[in-house]
Structure formats: C-alpha cells, structure tokens
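Each of the next two complexes has subunit A plus one more chain, namely subunit B in the first and subunit C in the second.
Entry: the complex of A and B
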C-alpha cells in the first residue's frame, strides 16, 4: 500500500482525535480520519455487532470503527489496559474481519514494550516506511496539544455554568478545535493554543462567591467521553456547579500520578485493584479534602474495577462526610432517570451547604 | 383562604393533594395514570375540585413532581417543578420532623433517603433493575392466585417463611415456582417473597447507607403489612407507615410550592382545556432526538427533548 493511501482512525474519546491526527499525519506520515461525533446511531451499530454483556465502551469503539470504515479509514487502532480493555483490540479486529471488512489493525496490546523489535514491528503496521526520527519530532507538539485540550476543558468545566452569554465557551472551543484540525506545524499549534487560552479567559463569567463544586470520577472511558455519560458535566454546569475532574490523558499517560494517588488512598487500599479503581478512590478523597461538596462516580455497567471501588467509596463518603453518587451506564439508560438523580443531588448539596453556612455564622 | 396544590405523576399512579397555609390536607386523590398523564391529571383535578365544593379555597400556587412533572408543570402553570426524591424528603420531614431514614418502594422504582437534622444527606435509587418493586410483587401475587391487597395479611399468618432467592426477579420467580411445586405452603411462600423484597432492597439500595430509626416506609408497597413486618424483623426497629404515605410526594411538592412564595393564578378549568403533545424525530443529525411539543388548544406552548440547538423548536411568547 502506498503510504499516502493509509487512513488511520482511533476510537473517539473526548477530543483527543485532534492530538492523534497531529501525531499520525506529522509523525507517521499517514492520513488521519477524525471520526464523526458519536451519536445514538454509533451506539446502535456498535451494540448490534458486540457481545451483549461486554462493557459499553467496547460498543462505542466498535460503532466508531464501523462508521470510520465507511468513511474510508483503512487502519484502525486500539489501546491496551488492565481490564477487559486489554482484549478489546483482539476481539474487535476479529468481529470486523468476520463482517468482511479489510483493514490494518494497530493493536497496542500486542506490543512488547521492552522489545524494540516488537515496537518497530507494530509501528510498521501503521506505516511500513515509518521514520522514528519523525515520530519523535512530532511528539512534543502532540503532547502540547493533549495538555492544552486538558487545560482548556478543565477551565471550561469550572466556568461554563456561569457564562454571561449562553454558548460562548462552546463556540470559542469548537472554533479552536476546527483550526487545530488543520494545523500543520508546531508554530501554528502554539499560536492557536495561546489565542484560544486568551479567548477563553476573556469570556465574561458571573461567578457567585459560594459555588457548588463537584468532583467527577469513574472508569477511563465513561468519565472522559461526554456522550457515554449523557454529557453529565454539561448538565451539572447548567445547575450552576463547578465541575472538577482529574482523569485525563495529561494526568495518566503524560504525567503519571500513580504515586501521588497511592499516597492519597493509602488508608483505604493497600494494593492495586485494577484499571482505574485506585485512582477513582484517590481522586474522590482528594476532591473531598480540597473542598468539593460532592463526588459523582460514573462507570459502564459491569465494570469490575469500578464496582470494586464502590464499597470503598461508601466508606470514604462516610469518613469524609461527602455525598457520593454512583451512575452505571449501558447502551440504554433513561435520560429522565439521570436527570432526576442529578436534580436531587443538587438539591441535597445546596441544602447541606446553606445549613453549614448558617451554622458557621 | 389561600391553598396550594401538589401533583405527583408517577408511571403507575397519579396523586394530588391540596393543602392550606398550615399544611393541613384539604383534599386528596389517588388514581391510575394508565399511560396517559394529561388525562390522569384532568381526572385528578375534577376529583379534587369536587372535594372542595362549598369551601372557600383559592389555589395560588402549584407544584409538580414524578416522572411527568415537566409536562404537567407546563399544563398547570406550576411555580415549582421538583424531582421526586426532594419532594418525598420535604413531605416526610414536614410530617415527621425527627425522621432519619425513608424507605420508599413504588411500582417501578425504589429509593432510600437518609436524613440528618431535617436535611437530606444521602440517597440512592435503583438503577437498572426492578427486582423487589411493586410490579414484581403484583405479578407474583397474580401467579399465586391471590390479590395483591391480601398479600400482606396472608404473609402475617406464616410461621416459617420459605427462603426465596432475592437477588434477581428472574431467579426469584423460578425459585418460587420450584418451592411451590415441592409443596411449600402458600402463606410461607408469600411471607418468603415479602422477605425477599426486603433483602433485595437492603442489599442493593440500602447498601452502605446508615439506616437509623425513626424509619418511615412509603410508596405503594408500604401498604403491604407483610413487607413492613419483614423490614422490622430485618432492621430491628419499628418502621412507621403513614396513612398518607402514598401521597407524600404530592404533599411535599405542595409544601415546596407554598415555600416558594411564587403565586400564579390557577383555576380548575385547566381540566377542560385541551392539551396535546406531539412527538417527532429531529432529522438534523444522527442523534435523531425525540422532540416533544406541547400544545394548548393547538397553540404551541413548550417543547423539549433536543440535545442541541439544531433541534430547538421556537415558542412564541
């Protein structure tokens, strides 16, 4: 295959497609397809061809693959993890091949990271003529993009609930993403990031003195992909809450924080209980100690590590006197039910907070 | 006299309460929703109006709760539209100021609310499974050939409740059939079912929650004395079932309407106005949002269901 004809696609998770695109096009020298936004249709197709009992992120990924293949992608990629995620790639590749699709599959679970030979062999799936020098050269800008996405989204989560002109944050950020999809060199990216940060900070917000702060924790996919958690961060913001989240690529892949998290959770967990469970617990504790008024845990239905974290979170809730709400999502989850629980959560925190304030006076 | 109306429109039943300024109940009604919330509310309003004939009552504010709260809120011009968790908590703490725990088992859902010093501090609601709710009990009653109203009384006659698997409705049902076939007495099976409902509730909804007396038990299933007794045996303290327990959501939201201080003119005539809803699928993107438009006498008064602005239906105001 001529390398210009290679079109790579990763499954959607948050807005990281913009970082993947840069790395693939500038580093690997191949084209990248930014998949269309996840919709109900994506989930429908994904569910149709997935095992029924698999966790729902699998279905989102598979749905994205099928949509991407229809749009011309011919090299799909999957990451690896410490839970069922480790098997996602293998099973998804098999399912898609059985459906008759032809494509290359870059499965990171297959890579032996201690063996340069294995790494090279797998990278060549993406591009047989891959130049490591070019990949390394594109890495710093890719990292910059990821860090900017995370920093901007953190900022938006804390402020969007208080914007004076409705929709301004979304408009500014979407404009930035559209530009980013076309940026071809580090200099342009740097300028875009600087300009967007300036524009975001210039947006008028009307923040009261006492705001309600909520920490958002959960499994790697559900907490980071807004569609899969029913855009909960946005819903919370609509109530006028500040939303805090630590789980993102910056805090996991780029700056590993396992040690810090282990320290936070050491009174509750002595060993690694798998995937994101330990960080979920550590983050909940950190949020409680740093003045959040509540914590929301989101997970895909049947997610073992997050299920294991639940009883520990209940202890945390009791010990640190912070309400923790749990949500499990599957391919069908009632919107009304989510809304009702969020409303009640808001009411509860609001009353708790105002009674504490009255006590303090 | 100023009065306040609270309406709780659940999936199975619709409840309405009219209270005065001192929270006394002036009129109350309970009827089946039958899948038609606007129709049910019209019947409800007619019934409440009849109870108030000859009384000098002026409804100045309306509150709605339950799963159809938004629709009915638009229809009645409600000043408060609240979720049922908050409504139940407010209603219960108004009548039982010292309550610490509320158990609620309704037709399709169940919840637990933990209260400290009159404030909600924690709650949980069943998520994916309807095991141990009213609809499960009534289908099992049907299977055993007894009416669900007699279920509790029969359970109390049992001396040795049968063990029924409580985790899952499907397992419970096959376990029940099996126990019946090998000759367990009907009253023992019924008592076992009541126990299974309680075990299921405490293991799922109640897990990790601080359950402290006084405990108030509400929702349709609270009328089942067998389940009440099973709860008392399990938690080891008295469980209070209020005569108006099934109306607590409606009562709570009426109290909230009163506290809101917002007064909107309300007349029972809404029961005669035609309200129609029309749903359509927005085709502007692949999300295919189901958009609901509410019409009052053919005039569009509200719409919802769109995930983004593309699907927004503009209402002239």
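Entry: the complex of A and C
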C-alpha cells in the first residue's frame, strides 16, 4: 500500500481526535480521518453488531469504526487497558472482518512494550516505512495540543453556566477546533492556543459569589465522551453549576497521577482495584474535601472496576457528608430520565445549602 | 482461633489447597455451607444491583460466617499463571471490608499481586507468618497442599477423559467458570437437567489448567483472563468429542460477555446455547430450552448417521 493511501481512524473520545490527527499526519506521515460526531445512529449500528452484555464504550467504538470505514478509513486503531478494554481490539477486529470489511488494524494490546522489535513491528502496521525520529519530533506538539484541550475544557466547564451571551464559549471553542484541524506545524498550533486562551478569557462572565460546585467522576470513556453521558456537563451548566473534573488525558497519560491518587484513597481502598476505580474514589474524596457540594459518578452499565468502586463511594458519601449520584448508561437510557434525576439532585443540593446557610446565621 | 472460608468464587478452584494448608499448619477452620436461596438473598441485599451473581453469593457467604469465626479468609488474586484476572478478584478484600464495615470484620489477607511465578508461595508464607506458624511448617504445609490440589485436579481430569472415551450417550460440554459450575445455586440445576435428559455433562473447567491455556493461544492472542483462557482452550481441545456446547453466564459477567461472542464466532458448526443465570429468576425456564436444544442435537445426529449409511 502506498503511504499516501493510508487513512487512520481512532474512535471518538472527547475532542482528542485533533491531537491524534497531528500525531498521525506529522509523525507517522499518513492521513487521519476525524470521525463524524457520534449520533444515535452510531450507537444503533454499534449495538446491532456487538455482544449483548458488553459495556457501552465497545458499542460506541464499533459504531464509529463502521461509520469511518464507510467514509474511506482503512487503518483502525484501538488502545488497551486493565479491564475489558484489553480485549476490545481483538474482538472488534474479528467482528468487522466477519462483516466483510478490509482494513489494517493497529491493536496496541498486541505490543510487548519491553521488546523494541515488537513495538516496531506493530508501528509498521500504521505505516510500513515509519520513521521513529519523525514520530518523536511530532510528540511535543501533540502533547501541547492535548494539554491545551484539557485546560480549555476545564475552563469552559467552570464558566459556561454563567456566560452573559448564550453560546459564546461554544462558538469560540468550535472555531479553535476547526482551525486546529488545519494546523500543520508547531508554531501555528502554539499561536492558535495562545489566541484561543485569550479569547476565552475575554468572554464576559457573570459569576455570583457562591455557586454550586459539582465534581464529575466515572469510568474513562463515559466521563470523557460527552455523547455517552448525554452531554451531562452541559446540562449541569444550564442549572448554573460549576463542574469540576480531573479525569482527562493530561492527568492520566501525560502526567500520570495514579499513584498519588491511590495513596490519597488509602483510608477506603487498601489495594489497587483496577483501571480507573481508585482514581474515581480519590477524586470523589478530593472534591468532597475541597468544598464541592455534590459528586456525580457516571459509568457504563456493568463496568467491572466502577462497579466495585460504587459501594466504596457510598461509604465516602456517608463519612464526608456529601451527596453522590450514580448514573449507569446503557445503550437505551432515556434522556428525560437523566434530566429528571439531575433536577432532583440540583434541588436537593440547593435545599441543603440554604438550610446550612440558615444554620450559620 | 478459627478461620472462616466462604464457599464462593475461588474456593471452587483452590478448595483442596486451602483446606489442606490450614489442616497441615494446625489452624481450625470452618467452611460456609452450600449456597441456597437465603444466602443469595442476603448477598443481594448487601451488594449493589449491578454486581455479578458470584460476588453477591460471596457477600452472602461472608455474612453467614460473620459471628462464627475470628478471621475471614478472602483471597486477592490479581494474576494467575502470568495472566491478569478479572478486576472483581482485585477488589474482593476491599469490597468485603467496605460492605461489612460496621460489623468490624477481620480479614485474613492473602495477596497474589504480580505475575511472578513464586508470588503464590510468597503470599502463603506471609499469611502463615501472620498466623504465627513456623517457617519450616509453612513450607511443609505448602508442598502438601499443592500436591493435594494437584492430585485432586488430575484425578478429576482423568475421570472425565475416561468417561469421554467410554460413554456413548450424547455428550454436552458445559462452559462455565468453576464458581458457576461448582455452585449449588448456579451450576447444579443445569448439570442435573442435562443428566435428566439422558445426556452426559462434560465440564470444561475440569480440564488441565496449563493444557487449556496452551490450547487457547491458537484461538486468541490478547485475552488476559486465565480462567476464561482455560475454558476457550477446553472448547478447542474437546470440540470434536462433544455433540453440543452450553455457555453458562452469571449475569452480568464482564469477561464472559466477550468470551461467549468469541466462541460463537469461532465454532460456528457446533450447536451452542447460552444460559444466563441471575439472582432473581435463578435457573427457571431453563429446562424447556435445554430440552429443545438436546432434541436439535439428536435430530442432527440422526441426520448425520442417515447420510453416512446412505453414502455407503
């Protein structure tokens, strides 16, 4: 295959497709297809071909793959993890091949990280004449993009509920993303990031002195991909809440804080209980201690590690006197149900807060 | 001092090893009874709704043991034979600890926390030291226990292999984890139903561990769960000797949800049926499904024999 013909695609997770695009095009020298945004249709296609009881991220990924293959992608990529994620790649490849698609599959679970030969062999699936020097040269800018995306989204999450002109944050951010999709070198990216940060800070915000703060925790995919949690962050912002979230690529892959978080949660969990469960608990404790008014846990139905974290979170809720709301998303959870529960949660926090204030007076 | 061993999860895999070890070091122990409806109900009350049935049974068994012993033996097994286990086994001690926090439950820790080969021995030594047993005695007990478990497994495998060769009944392979097939609430009704239909149940879990894992390497490269690998290997090794396959899943088992799909896709020409067991309904409605499944197998068999005689 000629190197110009290779079109790589990675399933949607947040807005990180823009960072992957830069790494693939500048580092690996292949083109990258930013997959179309996830819709109900994606989930429908994904669920149709997936096993019944598998967790929802699997269905989202499969749906995205099928849509991307129809758009001309011919090299798919999948990462690995400690839970079922480890086995995603192989099974998805199997399912797609049985459906009759032809493509290359870059499965990171197959790489033995201790053997350079194995790493090289797998990287060559993406591009047969890959140059490690180029990949390394593209890495710093990729990391910069990821950090910028996380920083901006963090800022937006905290302020979007209080903007004076509706939709201004979204407009600025989407413009930035559109330009980022065309950026070709480190300098342009740097300038874009600087401009966008200035523009975001210039947006008028009307923030009262006491706001309701909510911590957002959960499993790796559901918490980061807005479609899979029914755009919960935006819903929360509409109620006028500040949303805090620690789980993102910067905090897990680039500046790994797993050990710190595991130590932080020592009182509640003695051992490593797998994947993101320890950080979920540590984050919930951290939010409770730093003055958040509530914590929301989102997860896919049947998520193995988060299931084990749930009873422990209930203890945290008892001990630190903080309400924790649990959401389990399946492929069929209705939007109205989610909104009703969020409304009730909001009302409950408000009543709690006002009664506390009255006590203080 | 008395140690309580809950009859759940890995007990069904290592029970000979554990009981022999405690016998040899001279520590008194008590094993909780076979699972019944009451234990499942107790466990379900304690657990969150989404937890899998075997872990609910675990909590029910621990609850039964609470006032009857000083320590409860809840092993944590992160790796087995160099493969990563399901995260439920990583979290088990923490889970029991949190669930029974107000009861002041004391756990006996036994932790296999990395993939090194000698980690099991180290874990046993640590536990023995905590119980105040001499090192030499632990060593002896460990060897005896290991041998007892090995003999038990080997005899079971041999017995089944002999039956595979000699029996001319319809043979049905039951693919289920040891803690499903060995449990009275989940596994026994299924095995009994298969026997009642005049078939010979073959248990996939009774196959040799290492042999199964080795065979599974041809089928899947990245699957990490050792016991699932063993089951996949068992199907690979026994596929020509059995007439049908039953996949038993305890709802909502995370690892099985993916393994079943792999098996269904790999062995397309074998008759296969999936039975899901959950805490509410148990195995109700299963007999009818099994009966029609066996009927189909027998019809298929007859048709094959017919065509074979016609060919001659």
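Rule of thumb we're sticking to: the second predicted complex is superposed on the first by the 361 of 361 C-alpha atoms of A that agree within 3 Å, B and C clash if a C-alpha of one lies under 4 Å from a C-alpha of the other, contacts with A are read in each partner's own complex, and residues count from 1 in each chain.
By our rule, contacts are C-beta pairs under 8 Å (C-beta built on N, C-alpha and C of every residue); 3 or more make two chains touch, one makes a residue touch a chain.
All figures in this text were calculated on a predicted structure; none of them were measured in a lab.
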First, second, both or neither for A:348, with subunit B first and subunit C second: first
Subunit B versus subunit C as contact partner of A:122, first or second or both or neither: neither
Subunit B versus subunit C as contact partner of A:270, first or second or both or neither: second
Subunit B versus subunit C as contact partner of A:301, first or second or both or neither: both
Subunit B versus subunit C as contact partner of A:55, first or second or both or neither: second
Contacts of A:328 with subunit B and subunit C, given as first, second, both or neither: both
Subunit B versus subunit C as contact partner of A:311, first or second or both or neither: both
Per-residue contact with subunit A, leading partner among subunit C and subunit B: C
Contacts of A:336 with subunit B and subunit C, given as first, second, both or neither: first
Intersection of subunit A interface sets (partners subunit B, subunit C): 301, 310-311, 315, 328
Residue ranges of subunit C touching subunit A (in the complex, touch as defined): 47-48, 50-52, 76, 78, 84, 86-88, 90-91, 93-95, 97-99, 101, 111, 113, 220-224, 249, 251-258, 260-262, 265
Subunit B residues touching subunit A - in the complex, by the definition given at the top: 67, 82-86, 117, 119-125, 127-128, 207-208, 210, 285-288, 307, 309
Touching residues on subunit A, where the partner in the complex is subunit B: 36, 39-42, 167, 231, 301, 310-311, 314-315, 317-318, 323, 326-328, 330, 336-337, 339-341, 343-344, 347-348, 351-352, 355
Footprint of subunit C on subunit A - complex, ascending: 51-55, 80, 82-84, 86-87, 89-91, 94-95, 98, 107, 109-110, 268-275, 277, 301-305, 307-308, 310-312, 315, 328
